[in-house]
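Here come two complexes built around chain A, the first alongside chain B, the second alongside chain C.
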Partner chain A sequence: MSTMIPTMRHVRGFDLARPLSIGMLVFMMLPLVFLPLLSIFIFGTSKGLSSFWSALTAADAIFALKLSMVTSFWATVFNVLFGLFAAYVLSRHNFWGRNALIVTISLPTAIPTAVAGVALLMLWGPYGMLGRLLRPQGIEVMFTASAIVLANIFVTFPLAFGVIKPVFDTMSRSLEEASATIGATRWQTFWHVTLPSLRGAIVSGALLTFARAIGEFGSTIMVSGNLAGRTQTAPLYIFAKFNEGQIEAANAIAIVLALFSFLIFSVLFFARDWLDVD
Partner chain B sequence: MRKRTLNKSLGAYAALLVFILFVSSCLPKPTTETGGLNITLYGFSIMKESLEKAIYPGFIAKWKQEHGQEVRFTSSFAGSETVTNQILQGVPADIAILSIDRDAQRLKDNGFVTSDWHTLPYKGIVNKTPFVILVKGANPKGIHDFPDLAKPGVKLIHPDPVSSGGAQWSILAIYGSELVKSEKQSGEPDRARALQMVQAIWKNVFVTPASAREARTTFELGNGDALVTYELEGLLMKESGKPVEIIVPQATIFSEHPVVVIDRNVSAEKRPIVDAFVQYLWSDEAQQAFVKYHFYSVTNNAFNEANKEFGHIEMPFSIDYFGGWNKAYPEVIEQIFKNKVQNRK
Partner chain C sequence: MSIEVPIVKAQRARLIEDSHATPVRQSAPAYAASIQGVSKHFGKASVLENITFHVAEGEALVLLGASGSGKTTILRIIAGLEQPYTGKIILHNKDVTELPARERGVGVIFQSYALFPRMTVEKNIGYGLRIRHRGRKEVKKTVNELLELVQLQEHRKKYPSQLSGGQQQRVAIARTLAYKPEVLLFDEPFGALDAQTRSHLRREIRALLKKVNVPAIFITHDQEEALELGDRIAVINSGHIEQIGTPAEVYNNPASEYVATFLGAANILEGAIRGDRVEIGSALIPALSDAERFREGEPVKIIFRPEDVALSKTQFPSGRACISVGIVEETSFVGAYERLRIRLEPAGCATETGETPFYLTTETPESQSAKPIIATRPKPETLAVKLSRGDRVFVGLNFFTILPKSTRTR
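Let's look at the complex of A and B:
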């Protein structure tokens, strides 16, 4: 099991470095991670559990959470399929411009999310290159749920690819070759041999993408229209409530998102060992 | 061998999980129906309470009684400039209530508004409120008028004039206040003194939130010593029991807020109800509701006099003092504020 930690054999007796370094780590994380998270929980429940619950069950809050889930789900589905395909093409074929493609796929990580929002508006908006053509057909993309999915796809584009590609690269090709020699088609080889060894990477890639998409704010606020109960995602709802001075309502939803991320990364941590095929 | 079965059951779980996600993956139902009788209103930040708590319910009841139809409202609130930019980008707004006339003009210049809102009652202005200074409970920094904001060590929260209409009103309030006062003293408005005052005060600004409402939230969380904002914001804070003192300057501006119909987005079938709603804003019922939520009425001063919480302003002035927004924006916001205050090296 990969969680087994090798112990240091050369230290005899009580090792002072052990409690010190662990204590140091926790201490450093305190003001940077633990306390900010704690303050969300404290502020979110400061007016009692009943007002926390009513903040959570407000119709617009529930809608915002659902909308975030759904738009993140579709962005994840797309990006995992795309990441799989891109990793396959880029690790199996060598061609001119291959590196340029790899760099381009990774680019959205470094682009500010507000820029991503502006870019989508410039493309799909009423005056955009594609928007201008679609509008006369009665197709509106911006300020709908589709716009949120597009924004999520853009900002999480490299994540699944980034997890899947290294596994492709290091995969032993002898199994695939063996499969081919006993008469399997390319598709059969992919389905029965290649894909199973990617299971772990696919699940990690999907969870990472989903977790990142559900918290997306910068691009969503530009492309969604931010209408409560129609196009307002959970992070936008939090921001709107904060702006209105309703700190408890904002924190109540923030707690849900924080717990959700905790859940996702726990699954990620524990599922990895089960899914990884050695 | 054990690993194999584990993998299989895990696969089944994963499949189940994907299935559940798939089933739940259709879009959630909007909390308001998106039928023909849904009015979408984009408002600048401080319009939220009065609209949602009084004006919408009042109009819904009135329309139901007169026409037997259910009307629904959907709205979004942000800084006035932000709202205007969202509409210019194509959000499906039917009506906008903006902080400044210039934003209404921008919508018109870009073809989103084709009618002239100045021909509506009261030149399209639905309500007004003066600009004041908010300080913490006991006023520890001794702030009594705009010039005190320039004192060294005062930390001032001021919304960002790029995104907030209220921030532009605030600049006009500070600049105009000095003009009005110097004019009273010497008969001649002293532009150099007014410019120096805005420059000195701007040095003490340490954060520029995107809207008046965001600025208030920043202030409420304990940041800064003072905030220049709509009187309404101070009264709302007092109402919710926050420790705040409202400082009414000797001379200050009344901000006036226009309503515009986004003609380009309003369908012919929706037009009558949109127009009816806009007219309703000047009804006694709506104007009294605005006063209840701390705005001044524009139609009937008796409503305002009945409200004892409004502060007394010695020398009030309005945008007309600058010759309207057509002059105030280029001459004060651009030439004075942007060129000589913000971009000063």
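Let's look at the complex of A and C:
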């Protein structure tokens, strides 16, 4: 009879553990995630949509958003191409120091972003190792949009690689071998056989990189110079406006960024199955 | 322990040369594919030793061997996916040894089929032509012809994952036929399929190959498959060819104990050469063939198939090769025939001198003591003469092969 009881509770009675555990999960997430996010929306629209709209269309705000998009875009392009190349080399060839390279590629996300900023300054800055040599030539890398791209590349370096490499590793070699015996060149094989199998990994790697780059703050603030209308990205704009006490202006951009990342992760979550469908 | 008696090697060499000397079709001036003296090492381990064989136009050759025998490496070397240490690969009179896989024009049907998962059936089949930048019309025409050939017209828009194993295999074959391959290489083509589909597909592929008349090399570890698929079979054992021949040759006249035991069941007795006869214990029976290959008194192995054992309750009429009397230990019904386990008695057929046990099989150390032989009888015979456990029978041989007694390899 004792074995009957658990079954009975599921079939006829009410299993309390289920709603309780679900409720508890939601309740715990409430102050940690839901409420903070909700509050920017509530605050942002509390004075009406028109003030939200004017905060959003301020020249510096639009510039900051654009700059963030553009710099993140180029960082993403670079890191996806690099990740693809690195994954190809590291999963196809075995060589001395291979693991050391893998660790080095993965390192940048583990480094505090402020350290990344300092590191870039020490290299490209006016008194940096390379910057010192470039300055007399009239080339300034730091405190420009290029510096922001460099910082974005640095902090998002391993993300695309990390998504693409496992797919490369598990990909059957016989597909590429089949393509070769059929008569395809290496390039044709890569283009027609390898790349299509990586489609899902490339898209999700790109979205991850972009989402991470567009929110980058710590390294950007050190290398960009944070000049409104010139080198100020969206997160820097939020921080600056908040410091100036213009909370609505900061909040309007915060809403845009929040919605944007929400969008990216929805795509990642729902489109992966579609992208990976065989 | 792995010392080979020289005569085995010499004999093996002779057999291999023999198979070269007699091409399947005399009219064909050249071979479709010719593998000459190919060797390969991985580090210090030798994988292939001096592999030489030829495939005639339109011929199907099966490389039969256990896993790890090196047969897959041979196939990969022919395809250009691996490089041999020594030796040459010649396809239709052209030395392709130095050419990369894509320039060889070889069709490989991989064990997993390796169909491109993101391409439909027709895209897969047309791939070889598209990368050769053939015109759309030509691609379409060829794809249509091939779809018809492999009977997959209604599946043309499907993706490989939507097809059964057999259909995928047909797509893989059509994909290679599209670019008119010099030779088709099948790597364990039926490994991933269930037994029923297998035998069905074997017949299908054989018919298809006869239709397109492309030479094919199959790789398998399945002896039944080898016998059914091959015009000729090459038995591979730890990196060398033990024997090449038609299925009947290899089955009936195995060149080594390995070949005998790998292709079906085989009984092995020991004996010695006495003139044009073989002495098995106290029996002296005429050697069926080539006793002159051996020295007088040379110890030999007598190898025979279960179906070559003749059993009789009474003494054989004179002239039949009776080797012993035996006791039936077990009978079992195996469908088309009956299988018997018979323990041979020390005493021979004719005399009752009670000599010491004369035979021993070489399979296990304990086989020094009397080990049973296996015999099979067809249905009519089982109905005519019923044999059951404990019966005393005369044992004769209708057919047997003599091999030199050698220390076993490995």
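Here, the second predicted complex is superposed on the first by the 259 of 278 C-alpha atoms of A that agree within 3 Å, B and C clash if a C-alpha of one lies under 4 Å from a C-alpha of the other, contacts with A are read in each partner's own complex, and residues count from 1 in each chain.
We adopt the following convention: a residue touches a chain if its C-beta (ideal position, glycine included) is under 8 Å from a C-beta of that chain, and two chains touch if they have at least 3 such contacts.
Predicted, not measured: the structure shown is a model, and the values here were computed from it.
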Next item on the list: Could you let me know whether more residues of chain A are touched by chain B or by chain C?
Entry: B
Next item on the list: Would you sort A:203 into first (chain B), second (chain C), both or neither based on which partner it touches?
Entry: first
Item checked: First (chain B), second (chain C), both or neither touched by A:227 -> first
Check: Touching A:159, do we find chain B (first), chain C (second), both, or neither?
Finding: neither
Next item on the list: Return first, second, both or neither, reflecting whether A:242 touches chain B, chain C, both chains, or no partner chain.
Entry: first
Note to self: Contact-wise, after the overlay, does A:74 reach chain B, chain C, both or neither (first, second, both, neither)?
What the structure shows: first
Note to self: Output check: A:59 vs chain B and chain C. Expected answer is one of first, second, both, neither. What do you get?
What the structure shows: first
Checklist line | Partner chain in contact with A:178 - chain B first, chain C second, else both or neither | finding: second
Check: What residues on chain B touch chain A, complex-wise?
Finding: 6-7, 10, 14, 21, 24-28, 30-32, 34, 40, 45, 48, 74-78, 86, 89-92, 211, 213-214, 216-217, 220-221
Next item on the list: Over in the complex, which chain A residues touch chain C? Could you list them?
Entry: 172, 174-175, 177-185, 188, 192-193, 196-197, 199, 278
Margin query: With touch defined as at the start, can you tell me which chain C residues reach chain A in the complex?
Written below: 79-81, 100-108, 110-112, 114-119, 127-128, 131-132, 159-161, 175-176, 179
Margin query: Taking the touch rule as given, give the residues of chain A at its contact with chain B in the complex, in rising order.
Written below: 59-60, 62-63, 66-67, 69-70, 73-74, 121, 125-126, 140, 142-143, 145, 203, 225-230, 232, 240, 242-245, 247, 271, 274-275, 277
